[in-house]
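Order as written gives the chain letters A, B, C, D and E; numbering starts at 1 within each chain.
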Amino acid sequence: GKKEEKKAAKAVAPPIKIGVAGAHSGDLASYGIPTVKATELVVKKKNAAGGINGRQIEVLVQDDACKPEFATNAATKLIDDGANVVIGHICSGATKAALSIYKDGKIVTMSPSATNPPLTQSGDYPNFFRTIASDDAQARMEVDFALNTLKLKKIAIIHDKGDYGKGLAEFAREFLGQEKGAEVVLFEGVTPGGLDYSAIVKKIQENGADGVIFGGYHPEASKIVTAMKKKDINIPFISDDGVKDETFIKVAGEYAEGVYATGPKDTSKNPLTIQAIEEHKKAYNEDPGAFFLNAYSAALALVNAIEKSGSTDYDKIVAALRTEPVDTPLGSIKFDAKGDAIGVGFSVYQVQNGAYVEVQ
Amino acid sequence: MMERLLDVKSLTMDFGGLRAVDQVNLDVCQGEIVALIGPNGAGKTTFFNCITGIYAPSDGEISVIPPGKKPIRINGFKPHKITQAGMARTFQNIRLFPNMTVLENVMLGRHCRTTSKILGAILRGSHTRREEEETVDFSYHLLEKMGLEKYANEFAKNLPYGAQRRLEIARAMATEPFLLLLDEPAAGMNPQETKELDDLITKIKNEEGISILLIEHDMKLVMNISDRIFVMEYGREIAKGTPLEIRENPKVIEAYLGEEVHA
Amino acid sequence: MLKVNNIQTYYGNIQALKGITLDIGEGEIITLIGANGAGKTTTLMSICGVVPPKQGEIFFRGTPIHNMTTEKIVALGICQVPEGRHIFPGLTVKENLEMGAYLRTDHHGIKTDLEYVLDLFPILAQRRHQQGGTLSGGEQQMLAISRALMAKPRLLLLDEPSLGLAPLIIQQIFEIIRKINSEQKTTIFLVEQNANLALKVAHRGYVMENGTITLADSAANLLDNEDVKKAYLGL
Amino acid sequence: MHIFEEIKKSTITAVWFVFLTFPIMVIRVNTIHKTIEWRWDNMIMVAVGSFALSFVWRYFMEHRQAPKPEAMGRGVPWIQNARQAIKHPVFFYSAIALLTVFAVIFPFIFSRYQVNIMTTALIYVMLGLGLNIVVGLAGLLDLGYVAFYAVGAYSYALLHLHYGLNFWICLPLGAGLAALFGIILGFPVLRLRGDYLAIVTLGFGEIIRLVLENWNEFSKGPSGIAEIPRPPIPGVELSLSESSVFLYFLVIILTLFTVFVVNRLRNSRIGRAWIALREDEIACQAMGVNKTATKLTAFALGATWAGMAGVIFAAKTTFINPASFTFLESAIILSIVVLGGMGSIVGVIASALILILLPEYLRAFSEYRMLLFGAVLVIMMVFRPQGLVSTVRQTYQFKGLKKDKEVG
Amino acid sequence: MTSSFFAEKEIYNGLLLSRTIILQELINFLMDYFLELLLGGLTKGSIYALIALGYTMVYGIIELINFAHGEIYMIGAFTALIAASILNMLGLGQITILILASILAIIYSSAYGFTMEKIAYKPLRHSPRLSPLISAIGMSIFFQNYVLLAQTSDFLPFPSLLPEFEFLQPYRHIIRSPEIFILFTTVVVMVLLTVLIKFTKVGKAMRATAQDRKMAMLVGVDVNKIISMTFVIGSSTAAIGGVLIASFIGQINFYIGFIAGIKAFTAAVLGGIGSIPGAVVGSLILGCTESFATGYVLSDYEDVFAFGLLVLILIFRPAGILGKSSSEKV
């Protein structure tokens, strides 16, 4: 009797729905798909352990191809389908387009990868959170590192024309302009997906740069680094989170040696990280892709907030996100009033002997 | 002396090294049917293309003189300007608008004689409506004259060959030319149909007052209807005159006619 | 040689041939005359498999060809000079002629034949390296006929070969027809508007009206036939 | 015997596809980890799938409306039997009435998501009809149509950002600016033929996008422009869902306006000149049509509609960045026109609804969505090569010069 | 920090010498820059060319802008990667792997090209001209997502299969053997294709088919076979491109075909679509334009320059650089 009742109650309790939105098709799919996988891993584990407060979790996946118009459709669709919280979107542009809809629907949204500063800093989107540092924070760190540690004087800033890479590059230029003792000798964008970057590399050399700051993702970075090394241009190459990715090292191989990249504090020894990557390997038989840990952390943070607040109420979740720290692969994090993660320390890494090593 | 309508002086056309038309002089007067004949590749079609603006001639002077108006030098004019000036043509290889109806083909000929613009087309004011009605009216009557009215709403491409030829003539006439250029109108017609064409062309001349310049290989037709004949060979003019004169001209017989017609 | 047995051919839903029966003996010149739109071109296209008949049979030297693809039919030795010339506009005159000999492998023979046709039409020899598409109408017609001659077919189908040609050349074309028929024993099936000339050169003739054959007789008899005279000879 | 033949054919197909998909479907290498995975189950799936599908494919191939063999020189007559039925007034008007009622109550019976995607689809109807003028009527293959769409969207965004102009002013302004761009592009390129024109327009589309991406000072670059206001009603505050309903009706009205205009243009002096130019440029000029001017009007008019759609698009998403204006977008709009049946209004509307709503409804298949979309494009083209609706030209009757219109 | 070999250093040294030498050095230096940009441009151009050749062939015969051609190239690269990985495990030598992987890539790309033609284009032979274009766009989307789903969305490193020649080592900052290899292959493929099309019987049949399909049938050409063959040849060049380019760049994913395809198509049109040498010339010009635009102006706008050049050239030569403007006889 009693047992059955309990079962029934469990079955009746409606599931908690987590929406996952991002690019799952098109050229940027590789940045969106890992997020889906991360969320699914977290949710599977949680469900196996009995769900959140006895409620199972359901994942709703929506593709936006990183396009604003699809993003708004995906957002309305998620709201229609009853999503309680959303992980996404992947690109800053799509995120911006979708946010006002989530805001209107009172849905907490947490992006693992949208780095555009105004998303949090403008204060327009109180429902927005992210587990990645904003462009300006990373740019600040890169610039400081370039000036203070590497003592560079003439810096070439290269970007991939995307909202992430270019945004970051713009900040780097701004910060360098404020500092004395260094100048930006080159500020240019390369065509993403280009077949050959030897011309821009040659130009870097031509302008006498003694260091490069690159804003963008690893495919372009590895092509540029390779071209530089092949032309014997051995100047420091500093990049961002989009490059601090195992794939970069594998693709660029020996040419990756010596490249700097900023990223969340060394998490590779964090047991949660090791565990998350193991889970991924087991489930998908391959290494996780870009922003996987950020997404994994976002999922953990949201699950935690719902669990701690004991409800799916918007205000309660927001409060819990701000007050309840949660252990994630990125460290123990909670969120500040604007929505940026506190506790995600950032450091500078360098590729040494085929692995990223924290240098600062 | 009849009024001149078309006056071509030493027209020359080169294609790379090939001189297709070489210093040809030709004129057409009011109320005349003039024929242009000559062996294959003599440059007749090229001559037409030059005076209708499809090719820009290498050298020479082309003027048209609309009846009662001043001469217009049309060298280098775009084709539509020339048509507007009053000279319309047909093509050796039929060039209709295959996926438009027969009536619409003719209505297109009215394009340069009508004026309604985009806004008119959208708002369809009284002017546009009237103009449209007139266009339909005019075109339909033209089809009747050419004996094509039963095909009015057929697609042009589905017409029998002879009807297509006549439709091309009708379309050209819709532009209200004073001079009509016909390039081998009888090609592909059997003797019976050629006879009908003969009557039609004469009718156009007499009833519509349109003068005609035609290229044709059917000597029966040419000799029957033309007032004057120009003969070309290798781009040059080798003879001109009345049908009788041409028929007897040994140069023409040797180059073009052969013995049969003579006999 | 060729037996056409009650074929019916459609364009979409429109029936162009309503049961055509013909036969052509080895070494004959047969002509098919009829008004515009009677279905002459369609008959030729059906024989070549371009517009395959929906019903009926066609045999070429005993082989059924009504279900074959065009290139297989052509390989059996049937060749057509189509209505509208269909010169390959971007190929030079010489290349056009070589395409005519596409299925032949005797290089030597091709070469002599090339010389032969260029001899027949000196203007083509002059234009040898000009692109086919820029030739004058009559030149194209000559090229189309020459191209067919290059194939050395057993059966030559000619669709209005005199179209657009100067009187002198027309005479020459008909001479050639007679010549290849008598010298090379090529069988010829001739569709012509110029019925007068056609009937003079042919052995037998068919008259076609609205997709059916209305008359079949020897050429001489047809020339004398009053109806034919009135309808097709313009007398 | 017959069945045996069929099975043999399908077996061959299956074997071929197993061979074809072997490296991609069965083996998966990861050069990062130097692992190789063999997925034999996929092979079985391919074998079974292609075996079964080949039956379906052949069945439909045999039953599809065989492309009419076109004999040399002349075309095929158009047979339109079904059209007669549709033309019947009772049927026609009741269908119209039903549609109207449906359109009006639509936002009130369906969710906001449905309303939103319907709005998007209608925007594409406008785009399709606009491009239809250029491609379908005038026969100019434009692969960079999205450029004008971008011009419209950015006009609104930037004019609002810098000058605070509101939606209602920007709507005509955006359309006008796009038309201007159409003319600017048109002048140099209109003498190009066919596919050369296509690639230049493609290039033009890319240039516009690249400029928007690179010229931060002007367009805010890749990070885009946010907070673009939705269309306001003066004096009324709209909630988000109210304003999406309002937008929906606005787009319905504009779509009707588009249909009206395109229909009128098509059966006018200008429309005939466009079609004639498409059919035979040389003959058309020789009949007294000014080629340049006529083509330019087609280009400019087509662009106008793209511009208008762009303004609405910006107002709908409230955020725009250059990522929305890629070549793929042009390709999809072109697909709408071709799939609809070139020059046909009803066809374009139908195919816009299909092609835009389809990926949305395919969301249920998540990752297979785009795969299916690609396949659907191919299949629809293969089975309806002439488009959903083939155009019929207007016919006229002459008894008392009364016109009998027929709209395709 | 290893400081680079700075060009300035040379100039600085020059200061110690006479002014004329400075000038000389400066000129050398500028020439050096120019030369390197040029070589970079040529390399990039020949990369485009390998894909553009297939585009042009297919266009030449059925007047279809085969948007899925880039995807065939991508599939070629993936096949080569898969083959190379397996062969590598078997412990074969680099050259052997290169050859075997290329052969497999060619076989599979051709098979895909062949099948694609049969499914998506052949049923559309008698359709309006734009229908196959849409079908091609559909194919392109399909193939991208097919590889995305069956393989991965990530970039995968591609082993560098191309041999390094010892004797080029001293000049390696200017040009390296992979680049020479690519340039060389492009030229060889171009010459072979030109000979095939211009001078062989098959080539003539291809051109005839392109110009008048029905007439080609009437002179005995098996049109279906010729078209299939064109697709097979075009796809093979794409596969060769796939192997060479991927091992030059070092990474591939499912999207590389689309980007390269658009550029290659542009190049083919620039050179005069349908013309084999045109495709190569157009590609080289495009590659150099991009290189110089980056080197001397601004790389942000390199594509703007590329397309701008396209527009300019087409305005003055409406049928591309080597394309024959087929003046229609009226």
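Just so we're on the same page, a contact is a pair of C-beta atoms (placed from the backbone, for glycine too) under 8 Å apart; a residue touches a chain by one contact, two chains touch by 3 or more.
Keep in mind the model is a prediction, meaning the values are calculated, not measured.
**Q** How many steps does it take, at the fewest, to get from subunit A to subunit C if each step moves to a chain that touches the one before?
**A** 2
**Q** Can you tell me which chain lies farthest from subunit D, using the average of the Cα atoms as each chain's centre?
**A** C
**Q** Name the chain whose C-alpha centroid is farthest from the C-alpha centroid of subunit B.
**A** Checked the centroid distances; the maximum from subunit B is A.
**Q** Chain with the smallest distance from its CA centroid to the overall CA centroid?
**A** The most central chain, going by mean C-alpha position, is D.
**Q** Considering only C-beta pairs in contact, identify the chain pair with the most of them.
**A** Of all chain pairs, the one joined by the most C-beta contacts is D-E.
**Q** Report, in whole Å, the distance between the mean C-alpha point of subunit B and the mean C-alpha point of subunit C.
**A** Inter-chain centre distance comes to 30 Å.
**Q** Can you give the whole-Å distance between the Cα centres of subunit C and subunit E?
**A** 46
**Q** Return the distance between the CA-based centres of subunit A and subunit B, expressed in whole Å.
**A** Roughly 73 Å, centre to centre.
**Q** Averaged over CA atoms, how far is the centre of subunit A from the centre of subunit E? Could you give it in whole Å?
**A** 34
**Q** Any chance you could list the residues of subunit B touching two or more other chains?
**A** If we look for residues of subunit B contacting two or more partner chains, we find 45, 54, 91-93, 95.
**Q** List, in ascending order, every residue of subunit E touching at least 2 other chains.
**A** Subunit E, residues with two or more chain partners: 145, 152, 154, 156-157, 214, 300, 303, 328, 330.
**Q** Hunt down the residues of subunit C that sit against at least two other chains at once, touch-wise.
**A** Residues 50, 82, 84, 86, 134-136.
**Q** Residue numbers of subunit E touching subunit A in their complex, please.
**A** Residue list for subunit E touching subunit A: 1-8, 33, 36-37, 40-41, 43-44, 47-48, 145, 148, 152-157, 172-173, 176, 245, 248-251, 253, 255-256, 258-260, 263, 290-292, 294-295, 298-300, 302-303.
**Q** Please name which positions on subunit D make contact with subunit E in the complex.
**A** 16, 19-21, 23-25, 27-32, 34, 36, 42, 61, 64, 67-70, 72, 135, 141, 188-189, 191-193, 195-196, 198-200, 202-204, 206-207, 210-211, 214, 282, 327, 331, 334-335, 338-339, 342, 367-368, 370-371, 373-378, 381-382, 385-387
**Q** Which residues, counting only subunit B, touch subunit C once they are in their complex?
**A** 15, 18, 38-46, 92-93, 160-163, 184, 187-195, 217, 219, 255-258, 260-261
**Q** In the complex formed with subunit C, which residues of subunit E make contact?
**A** For this pair, the touching residues of subunit E are 201, 204-205, 207-208, 210-212, 214-223, 324, 326-329.
**Q** Given the complex with subunit E, which residues does subunit C contribute to the contact?
**A** Interface residues on the subunit C side: 48, 50, 69-71, 74-75, 79-80, 82, 86-91, 95, 98-100, 102-103, 131, 133-136, 147, 151.
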